[in-house]
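Two complexes, one shared chain (subunit A), two partners (subunit B, subunit C).
After this line comes the complex of A and B, so read on.
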């Protein structure tokens, strides 16, 4: 058994942010997670709010219109700004650009232009608000990125675009995923080869789109080298999981945590909470066959939504939050309509999650804060708000706890670890 | 308008129509087959996949049972690579009357069905997930059959004998001259072009849609009650043997292992329109409860997809059927409707009723009837002529499909090419070859041919890839790629939203993440 100032459950963007910020603020932090989280799945662009329901150009201004039930209501524009500022500082090794003033418009792998508030610098040249000529570079051996489809759809949207496909095959294998390509791009020889194949084939004013696989060990080395050698703007386009940009972000935040002294245990499945009055005094975590109790003054729940397994719906249509057993709001009951017939419709089930107050606390619990996709009230994929919510609520949760600790230091002496 | 001339026009490209085309082509007729959509897109592609031993009917409908006994054996000979020899069990669950087992055995003997009682312990050894409370168990030669593969094999066989298979061609009118049907006007549903078919004979094999065709010949009083049945495909093979409840046929009493899944079925609800058969929550709940009775913890397993099919249950006012209310009581036996005797309309026959297991016999009966009317003496040879196997045969030593064969073949070429669909083990060359051979740009058509996107992730990963490949090889322009991708997502959604719970909800949300959060398909141009 152990006792910590704060336990953070989950290592997606929300959990990593909360834990890093808490540890920096002097708290002794334990992170428990079932496995690596959402970072490895998503593009890791910080989409704050992209559709509400029309396309949003100024995300900072749109936040206020989202209503009281939305997770951003607990954070506010200033809170989102603070989280973004903190994040951009932490991400110095993999710099992000953008902010709350205006959304960038970056092409997705199918050529839709998606609004994002802040994006990695390796993607920033893909901002096509002002148009521009694009050459999409693809690799036939990479089945998760189709350059001609992307170029064709950009052209249909009025952006001059064409595709060049290269037959370079890392390690001579026919089937290489994004991570395999990223490792290949870590090698200077492969970068040179790619540059050599492209040099003679580029138009004068073209900017170059690559799948987001330009290196994993050094997050910007391959990108900057290609940009310099080809003497044109180069940008990455995120594609199917595994997400190389997400892995870069994960690695940086994880290192940040390590340096700040936080402890991380993966394969730890939190499945129950020990309660005393309105407080959670500890959590039960299963690690392999062992079931261990960890005590804490504060708990940040950042286990994700239905996609990540933080929330579950059983076959009798009962929803539950799996780690602490918190009530789930907004899930239609048995016999009620959960989904509509059109895939892109607004589904009644879409906003289900754990409802919290302005202080991110669920009703009746004093020392539990909820962050990220577990929260009720948002439709992250429809409105393009997922990473914005995760970052800002994770950051806000840490700030709230640090503020409380500063105001009233814990009376109970911290116990030594067992 | 373009014109085609042919001996025989077959209306409907399901199991019956494909069987009829194969039979007539084998007898030397020139055949045109027309279907308004893709082959096996109606009832045939929407059933549970059970090749009946006949056990289900031995008590209630011995004639249907005997037909199944015979035809089960015939299909095993002529399309073995479409069949997995799973064997079948009839089990008496704690909710069933054990005395029914005696009537069941009696019925087996009377219909020559080789059903045998085995120890419950033996049944539980065969299928460890079965309800341990079962009280009796019987083995029968049930099997599972891949309807798409079967229909495609029959159509290919017919085509190899000169038949022309016109998919996406809807019959918009029948030509009636004097007292005979002389062909039909077809409309290509993809291009809108019309085509005139002059046919010496027209065979109506359109199943649940047969009444609509009959009406075009000016014939009244024939109705089809669409009997809706829902089925749920569960991820994994919860059983490896077909499991039936040993009781009078009822809802949710069959669990069929087919390919990588097991399918529970089914219900029987009277529908108003064969094209309007939504799945309701109550029906899903009922199927899950029924599954629980056969395999405890069924509800904890992952449901992949739900769909409904419509049985072609015939009602002929002249035959005095009246208004049958319980569609399950309408006979499952098939019959050829003789429009000369009934309506004084010649060169036109309609197949009524029937089931996939007896498709060959149904085809034989209707083509025999046509030969009699034409005065031709051309005997049926389908019972002894193997249907040519497709290029994607998975046959094992004894000719049957074997579950591991796709994996075995895939592993042999693992390093040589890209795996496009990890769930169903579909390599890039297979996908490209199918796109070429079928000449289709419709991802849903390709799904039916290859099972693309039918595994646990329901297309989450492979559909973007397939769209990119289709576009890359020049079969789709950007516009078509967008609508094909969106169309696939909508079609998939229809089959998943009623069963989204547990891990499949989790999967669906991950797919949302990909299609909405990452790719933003909704806003692609």
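After this line comes the complex of A and C, so read on.
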């Protein structure tokens, strides 16, 4: 029924980035998504390229070696840089540090070391390339974050580390996840209590690792207060979902979208495209019990890969892209090896996705651009490239559309407006 | 062909197998975020549902603290119908525990309106008398501070019976709901006047009563089914004639559009299906006309500041926030969008003594935003939310239609 300059399908990092950039650039944007996306699940560190296949120290230099089939080939180093610059600007209320020059090396919740190009400032002091002792502060009531495990694994990797566990529980709660603690940390009284419990138990030169739960309403207030009161570097370590850092990023991007005037509809399951020649003229979305058509000049597909349901593998081993029905490339055929034994192995099926050209368009379609984990040719969980690909391809898709719009007026008549 | 089995209902429950325990619903749940009494939608929904065996008592009654706002279903990236599962489970729980007198009362807004209207001055005095309200709180558990409807003593239906809508370029049927009929007849009248101004001939189908939503929310499915079937019968002739039905009570409109079919197992009701296919939230309908270039948009200037809160149940329509698009057509109007998911009252939830403070805490973010904005008017699509917001902020709160009515020079 409606007609927009651009429809963005998906509200993960790729979709939010594309939509926000498009709306800021003057496009009338409609965002359709089945539900809230991966921002709430991942750490939202911008991992551009961490392994290729050896650990990467200078991500900007490693980009060139990834080959033509990789999503970064469509973006280029300049494109990744532009996306990072934009993102860091947007994230001013929750500042990010780092860039393409060097990877930081941050601990995960189990004490593995993960290379990331750009990270929230609240995590930056966790860069383990710098020496020094680490004290991991844990909360016994917080599920899935075990300070001793983290410290022991860091020690095993040669980094001097120990754990301190606190028995503080946010008021009245029996079962607390990271968001419950983050809300508690929004209250100055809880921060004071934590600081008071720690003061006597800290070594002189330690830096302090906390689970990434240091506040949600003000994304840096609790972190800077603890750093100042404890007079030591303080850093956050991403937790299992829900991801508080991801929720901070989601809130900022969502607000950005709102201010730029984009329409956002959740629970809209895009399941088909209306085509005319080499163009998609509209999408079909299932909303509740209804099927609604939305027309657009451009469509950005950012529905994610197998994990998010943007790609599906059926019981007959057929892979499909669920929203627009785009062809999926790279899925192993009958008789070919699909999966390997180890969870983190190089699974052939993992490379499957929608193949695009340098303009992020799938073959044969002029006005559809694909961004994020739907793209073929990457293995984000091995490369540590997931959010880097999502951010840079989402940003690039928007830039390409804005460029085309500037070069030529829309092919379809603008809608009547007051 | 009769469907012997509730296929849609099974699909709702079966969606729990898609839950990957990602916790996104928990991060958005307005209730579990303010009280430990509700362990959250994931826990009481797809997780606990596995332990609910037919004809066996559920060990956990905490799902009673779900307000039914539906935000969990909206944000779930896996398509789990969490809110629908919880509403069905709550009904089963209540069937065993029995229904409180209070819940039987609030489940029948139509009966209350019928009783209160002829004696409106007495009814209003009673409902606003602190002493009697305290007695009511002790006796039936209706919180003495909760915002209850006022009864102006006249009804929208009476006005509609005397009103003749002139021919227009299109016909619509108006589903007014209990709120407009018994408590806010002016909202109903303004809706008809505005639609006529926009070129619609407006039918008001006779005999409209309660849609069954409050009964459904309170777990009284038998009553809810009776109510919604009756409502569907009354509206079906319009739908059968190809006339679109528009509603100003956004939660009741959602009931007819989707919830009664999904939750009450009424997908086999031919009248309901027909009505469900033809019913629109009024702002959704007007934006559809706008998108087609068929909406008259010559609104006059309205130099004022308003806040806009899209209620949780309005978001359940999956239509974005059409009221914002409509208010953007009004020159000089400054609209501040609130970003709260729920005001807390969720229909009848916040009226209950044991839940009143939860509802207040859920709404705190919204009330703060409205207080900060110091608006000339607050705007919200749902009547119970409007009364709740007014009680907590003191800001006069109106349906978006009232803004357009003013901007069209009709008031």
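The rule is simple: the second predicted complex is superposed on the first by the 413 of 418 C-alpha atoms of A that agree within 3 Å, B and C clash if a C-alpha of one lies under 4 Å from a C-alpha of the other, contacts with A are read in each partner's own complex, and residues count from 1 in each chain.
Convention: contacts are C-beta pairs under 8 Å (C-beta built on N, C-alpha and C of every residue); 3 or more make two chains touch, one makes a residue touch a chain.
Since the structure is predicted, the reported quantities are computational estimates derived from the model, not experimental observations.
Trainee: If you stack the two complexes on chain A, which partner ends up touching A:341: first (subunit B), second (subunit C), both, or neither?
Mentor: A:341 contacts subunit B only, not subunit C.
Trainee: For A:317, using the defined touch cut-off, is the partner it touches subunit B, subunit C, both, or neither? Pick first, second, both or neither.
Mentor: It touches subunit B, and subunit C stays clear.
Trainee: After lining up the shared chain so the two structures overlap, which partner does A:382 touch, if you call subunit B first and subunit C second: first, second, both or neither?
Mentor: After superposition on chain A, A:382 lies in contact with subunit B alone.
Trainee: Which partner does A:157 reach: the first (subunit B), the second (subunit C), both, or neither?
Mentor: first
Trainee: What's your read, subunit B or subunit C touching more residues of subunit A?
Mentor: Looking at subunit B versus subunit C, the one contacting more residues of subunit A is B.
Trainee: In the superposed arrangement, does A:2 touch subunit B (first), subunit C (second), both or neither?
Mentor: Second partner only, subunit C.
Trainee: Would you check which partner chain A:241 touches, where first means subunit B only, second means subunit C only, and both and neither mean what they say?
Mentor: In the superposed model, A:241 contacts both subunit B and subunit C.
Trainee: Under the stated touch criterion, which partner chain does A:305 make contact with: subunit B (first), subunit C (second), both, or neither?
Mentor: It touches subunit B, and subunit C stays clear.
Trainee: Looking at subunit A, which of its residues have contacts with both subunit B and subunit C?
Mentor: Looking at subunit A, the two contact sets intersect at 41, 173-175, 241, 308-309.
Trainee: What residues of subunit B sit close enough to touch subunit A in their complex?
Mentor: Per the touch definition, subunit B meets subunit A at residues 281, 288, 299-300, 303, 415-420, 428, 461, 464-465, 467-469, 471-472, 477-479, 481-482, 485, 489-490, 492-494, 497-498, 500-502, 505-506, 509-510, 512-514, 516-525.
Trainee: For subunit A, which residues count as touching subunit C in their complex?
Mentor: 1-3, 30, 33-37, 40-41, 172-175, 177, 179, 183, 241-242, 247, 255, 258, 263-269, 287-290, 308-309, 415-418
Trainee: Quick one: in the complex, what on subunit C touches subunit A?
Mentor: Listed in rising order, the residues are 22-24, 26-28, 33, 36, 39, 43, 73-79, 257-258, 261-262, 276-277, 287-288, 290-293, 297, 299, 315-321, 325, 328-329, 337, 339.
Trainee: Please give the residue numbers of subunit A that touch subunit B in the complex, ascending.
Mentor: 41-43, 47, 55, 108-114, 141, 143-146, 148-149, 152-153, 155-157, 173-175, 238-241, 305-309, 312-317, 335, 338-339, 341-344, 349, 380-382, 384, 386
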